[in-house]
C-alpha cells in the first residue's frame, strides 16, 4: 500500500488527537487510502517534543518547524500548533508542495485566514481545515438527512458550544493570549458552531452579536451571543462560552425544518435526536444511536450499539483527507476547506464588529483573488 | 371563610385554565385565602358562553363584558380574552374598584400596556399579569436558589419557547390577526421568555434581534431571535417560534452563574436540572424532581414523586393573587404586576425595532407617570 | 344532567385524590356521564373527617362507615380506607345496591380479595378496583398500540416500582402494620406492577420470587423480586421496593415485542418511549409526549404539549366508572374489576409462597364460584 | 522499554477489539508498562487470518493455534476465539509459561471453566478473563464509590443486558451452535451481568431463574430472567436477552444502598447516574460525565467532556494486565481472574438448573483443588 509521510506541528492536545488518528487509521479504516508514515514532529519545547516523538512513533523531532517543510519524505503537514503558528508554516508547506491540514481557526483574523486560503489554494495541494465535528457520525448523518430533503425547508438553527473551564482567573495558556490565539471563545468554540451551521444549514447572511469578557484581567472574549440569518432565510442563534458551569463539552445544536427537526449534543456524540412529521399517535423525537452498519463511518468500527469516542472523529477526518490525496477527490463538501476556514473567520469578525458597533452586520465574503 | 366574586372574560383556552384554577383552589390550597365565587362569565359567542357558564359553574353569563364591570358582587375580573380585549375591560374593572388579573401580553403594544399599567395602578387595586410560568414549582425553586446565592453571579441566560402548531398555513385564529393579537409569536411566547428572564436574571439592558415570518400570507411574526444583555452584565439569547417541528410546548431555559447552573424544559415541568460546583468526582447536573414537601407549592398536592400538571400552575397563580387581596401583601416579586407586563411589552418592541433598524436597542422604561 | 351520590371512605391520601377527581370531573370531562354529588365522607378521626368534609365539599361526615351504606342518597361507595377496611364496607355497600370503587389491594389476602369479588359480583353492581395507573394516558396508549398489533408478539415485560420513603425505621403508619395492611411493598406497589403487567401483557403463568425485609423491626416486606412467565410465553421480571434511594415514584416498565418496544416511567408519566421496527437509518426510541388531541383522555385537557399531573389519572378512572354506571357498559377491559383485584392478590401470594418455599409457583385462579 | 510478545487467537469481533487495544496502548497509556509486540495471530480461515495479520500488524499468522503456544517470542496469549476454543489453547499456553487473557465465558460449562481456572492457576502465570466492562470508567468509578462507602449498605442490584440482533431466525453464527458456544444469551450477555454484579455488589447466594428460547429452531437460549440474592443480603434481578427490539447494547444496571444509588447504561457508557442522600431541596440523580481528570483511566485520554468509545475499554483492560505482568501486582480485584470466570459460569448454570427444576438454587462454589 502506498505511504504518505506526515509531519506534525504541535504535540499537545491536537498533536495527541491527530497522532492517534494517523496510528489508528491504517487498521481501523481498512484498507487505508494511504498508509501514514509518521516522519517528524515539531514543537517548541525540546524535551516535550522528544517525548512526543517517542510516544507517538515519529521517526524524528525538531524544534524548528522549517525542518518539516524542507523534509522531502513528508507529503502532508498537519498543523496543530497554536493559532499564531497556523499561517506561516501552513503556507510554507503548501508552497513546498505538501498537502496541508490546519487546525481551526485557520488564522487569527479574517485577513490572515484569507491569506492562508489564497496562497495555499494557489499551490493546488489538498487543504483541510480541522473542523473535526463535521466527522462526527451523527453530524454526517444529519447532513445526509438534510441533503435527502427529510427536513424540508430549513427554518431554524440554534447552536451553542458550552464549556466551563474558563472560569478560573489563574489559568494561563496561550488560549488567553490575544497575540497567540487571536480571539478567545470565538476562535476556539464559536468557529465550530459557525462551521457546522454552514455545513448543515448554508451560508450566513447577517449577524447581530454581543461579545463579552467576564473574568477580570482576561484579554480575550469569554462568550459570544448572536442572532443570525442565513441566505436561505433561516434564522437562529449562535452562542459560545467557556463559563457555562457544568457543561464540559456541550456543543448542542437544533435544526427545525418544514418536515422535521434534529437535535445534537456533543457530550452524547453518538446520538442524534430526530423528529419527522407524519407519525400521528407515535410522534416524537427519536434517539437515534448512530452506530448502525448503514450509518456514516460505521464500517470502521464495531457492531451496532457499541459507541465511538470523541477521539475517533479525527480518524474519520484524516481518512477523508488521505482519500482525497490518494484519489484526487474533492475535500469539499464534507471536509472543510481553507475557504470554509476563511469564511468562518469572516463571520466571527462580523460578530465582533456587530458587538462593537451596535449594528447587525451583513456578510460579504472575499473571493480567492480579492487579496491579490 | 370570606368569599370573592369572580368575573371571567373569555371561555376558551385561558377561560378553561383559569376556571379550573378557581374551582380547585378552594380545596387543594386549603384553607384558601378567599373562596372564589364564580359569579359571571363573558364572551362573544352566546351559545359558547352559555355552555361555559354551565360547565364551569358560573352563576350567569353575558356577551357584554360591561356587565361584569358593573356587577357589584364581583371583586375580581379575570381577563382571559383575546389581546385586543385586554386594555379596555381591565381598566374599566379596576376603575370600578375590582382587582384584576389580565392574561399576557398586557397590551398589544408597549403604549397600550403602559396605559393599562398607569391607569390600573392609579386605582390601587391588586393587579397581576398572567405570566403563569412564574408559578411552576421548578421555576419558583430556581428563583429561590438564585436569591439564596446558590448560583453566584449570573452570567448567561438562554431561553427559547418552541412550539410547532404555527406551521399550518390554513389555520385561522385571532392569534394571526394583528388587530386582535398585536403581534404573533412575540406576544404569545416571546413575552413568556422575556418575563421569566426578568424574574430570574433581572432587567434587560439591550437587545439585538431578528423578527421573521415564514408562512406565506401570515400577517404576524412566526419567530423572534435575539442576543441580549442584562443590567447585571449577564448576556444570552432569547428565542420564540411556532415552527419548531416536534416541540409542542418546549419553553426551555438555562442559566449559568459563577457557582452553578440551572436548566428547565416546560415539557418536563416537574424537573429542574441543577448543577452546583464543588462536587468533585460526582459533579454533574442533578435531575431534581420538584415534588418534595419542602418544594414550592407542594403543600397543596401529593407525596413526593407524584407530579403536577400544567393546569396546576394556574392554581398557584390564582392562589397568590387571592392571598394578596386577602391580606394586602404585594403581588411582586413572585407575581408579575402590570409593571412587569408593560416592561415585557417594551422589551418585545425593542426586539422588533432592532430587527427593523438593524441596530442593537438600549432599553429605557417609562415610569408610572410618563404617560400622563 | 343526572346525578350520583358519592360516599367516600377515607380522607387521607386517597381520600384527597378521589375527592379531587369527583370535583374536577364534572367540568373537565364535559359533559360528565353523571354529576357526582358528594354526599358523605367517613373516617375514624372526628376532627379530621369534619375538616375533610368542609374542604372537599361533602354534605356531611361520619365516623361510622355504616352510615354511608345506609344512606339512600348514595349510589357509589368509594373506599379509600386502609386495607383492613376494604372488604367489609365494600361488600356491605354492594349488598345495599351501591356501586363500589375500592382501592388496591382489594383485600389483605387472596382469600379476602376473592371473598370481596365473589360477594360483590353476586349483587350485580359495578365494581372497579383502584388500579389508577391503567388510566395514565401513556399506559392507555400503550395498551392501544399493543391491541393494534404494533408490537407484534410480546416477549418481555420488566416492571419495577421503586420508591424510597421506607428507609426511615422510625416511620409509623398503618402501611407497616400487617393487620391493617396485609403486606408491605407487595400490596402497596407490587400489586400495581402485577396489574399493569396483566393489563398490558396478559395473564401470569408462573412466578419465582424473593421477598425481603431490610429495616430492623419492620413487620412487613420492604421489597419483592420475581422472575415471571406469562401464559403467552412472554417472560420477565417484577420488582417493587420502598428502599431505592432517589427513586420517589419510579414505576418503570418496558415491554419488548417482535415488532417494537415500549418504555415508561411514572416520574415522567406524560411520556411513552416507543420503538417500532422498520425505520432504517432513523431507528430509535421515540419520546412520545402523550398530550395530542388523538391521545387517550386528552379531550378533557389542554392543547398538545401541556402535561397532565398524577392526580388527573383519578379523573380518568372515576369518569370511566361513572360512564359504566350511566350506560351499563363494562368496566373491563380498561378498568380493573374486582376479579382483576383478586387475581393480583393471588399472584402476589404466589410470590410470597415461592420465596418461602424456594419453588417456582404455577398460578391457578379461583373462579367466581370457588368459594361458595 | 521492555516488550512482551503477543499471540492472538481470533480475528473477528474480539480479535479486532483486542488488536486495537494493543496498538493504542503504547502511546495512549504512556508510558506503557510493557510494549506489546504483535507476534502472531491464529484463526481458522487462512485468507481471513492473513488479512487480519496485515491489517493489525502481526508479524505472522497461522491457522494452527498450537503455533502460538510454541512460539518462544510470545509471552501472552490473548484468546478471542469462539467459546469452544477457550479451554484447550488457554491451558496449553499457560502450561507453556505464557500469561493468558481469555474472553468470556471462560468455558462453555462450569466444569470446563473450573478446569481452565484450576490448570492455569497451577502454572503461576497471570490470567485475566475478558470481562471488559469492569474497565469502563463509569463502572470503575462506581466500584470506587462503593468501596468508599458512599452508598452505604447495598440492598438492590437490578441488571439487564438488552440487545436485539437475535430476532432474525435466519442468522447463522457459532453463537447459536451449542457445541461452539455452550449457551446462548446466558454465556454471551448474562455472564457480563453476573460478573459486574459480583464486582460491584459481591457474591451471589441464590438464584431463581427462567431460561427461554423464543426463535423457532434455535438451539440456545434467547433470554434469561432471574431473581437473585447476594451473600450480603442484597436482592435483585438479572436479565439478559437478544430480543429487546430497539436496545442495541443496553447493559443497564442500578444499585440502591442505604446512602445512595447508581444507574448506568452501556449505550451511554461515559455517564454514571449518581444519587447521594442529604441534598435536601436539590436532591436528584446527577448525570456524572465520567471524563474528569480525577476519574478512572482519564489520564490516558482527553480533556473533560471529551468522551471515550466502547473500544477504549479494552485499552484499559489490556493495560491492567500488562501492568500486572510487568510489576507482579495482582490482577484482582479490578481485573476478573479465571476464578471470577469460573464463578460466573457456576452462577449461570445455577440459573439454568433453577429454570429446569423449578427451584431456587443455593450457590456453592468449588475451590481451586476441587477438581483434582
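Going by the order they are written in, the chains are A, B, C and D; count residues from 1 in each one.
Keep this in mind: a residue touches a chain if its C-beta (ideal position, glycine included) is under 8 Å from a C-beta of that chain, and two chains touch if they have at least 3 such contacts.
Everything numeric here is computed off the predicted structure, so don't read it as measured data.
Interface comparison, A-B versus B-C: the higher count of C-beta contacts falls to A-B. Using the mean of the Cα atoms as each chain's centre, the chain most removed from chain B is D.
For the pair chain A and chain C, the distance between mean C-alpha positions equals 54 Å. Note: centroid distance chain A to chain B, computed from Cα atoms, is 41 Å.
Here the CA centre of chain B is 36 Å from the CA centre of chain C. Shown for chain D are the residues that touch two or more other chains, namely 247, 283-285, 289. Residues of chain B touching chain D in their complex: 141, 145, 150, 274, 276, 279-289, 292, 294-295. Put simply, chain D touches chain C in their complex at residues 155-156, 158, 160, 162, 164, 167, 206, 208-210, 212, 214, 223, 225-229, 233, 235-237, 239, 241, 243-247, 254, 256-261, 275, 277, 283-285, 354, 358-360. Residue ranges of chain C in contact with chain B, taken from their complex: 13, 17, 19-20, 23-24, 27-28, 30-31, 55-57, 163, 165, 247-250, 266-270, 289, 291, 301-312.
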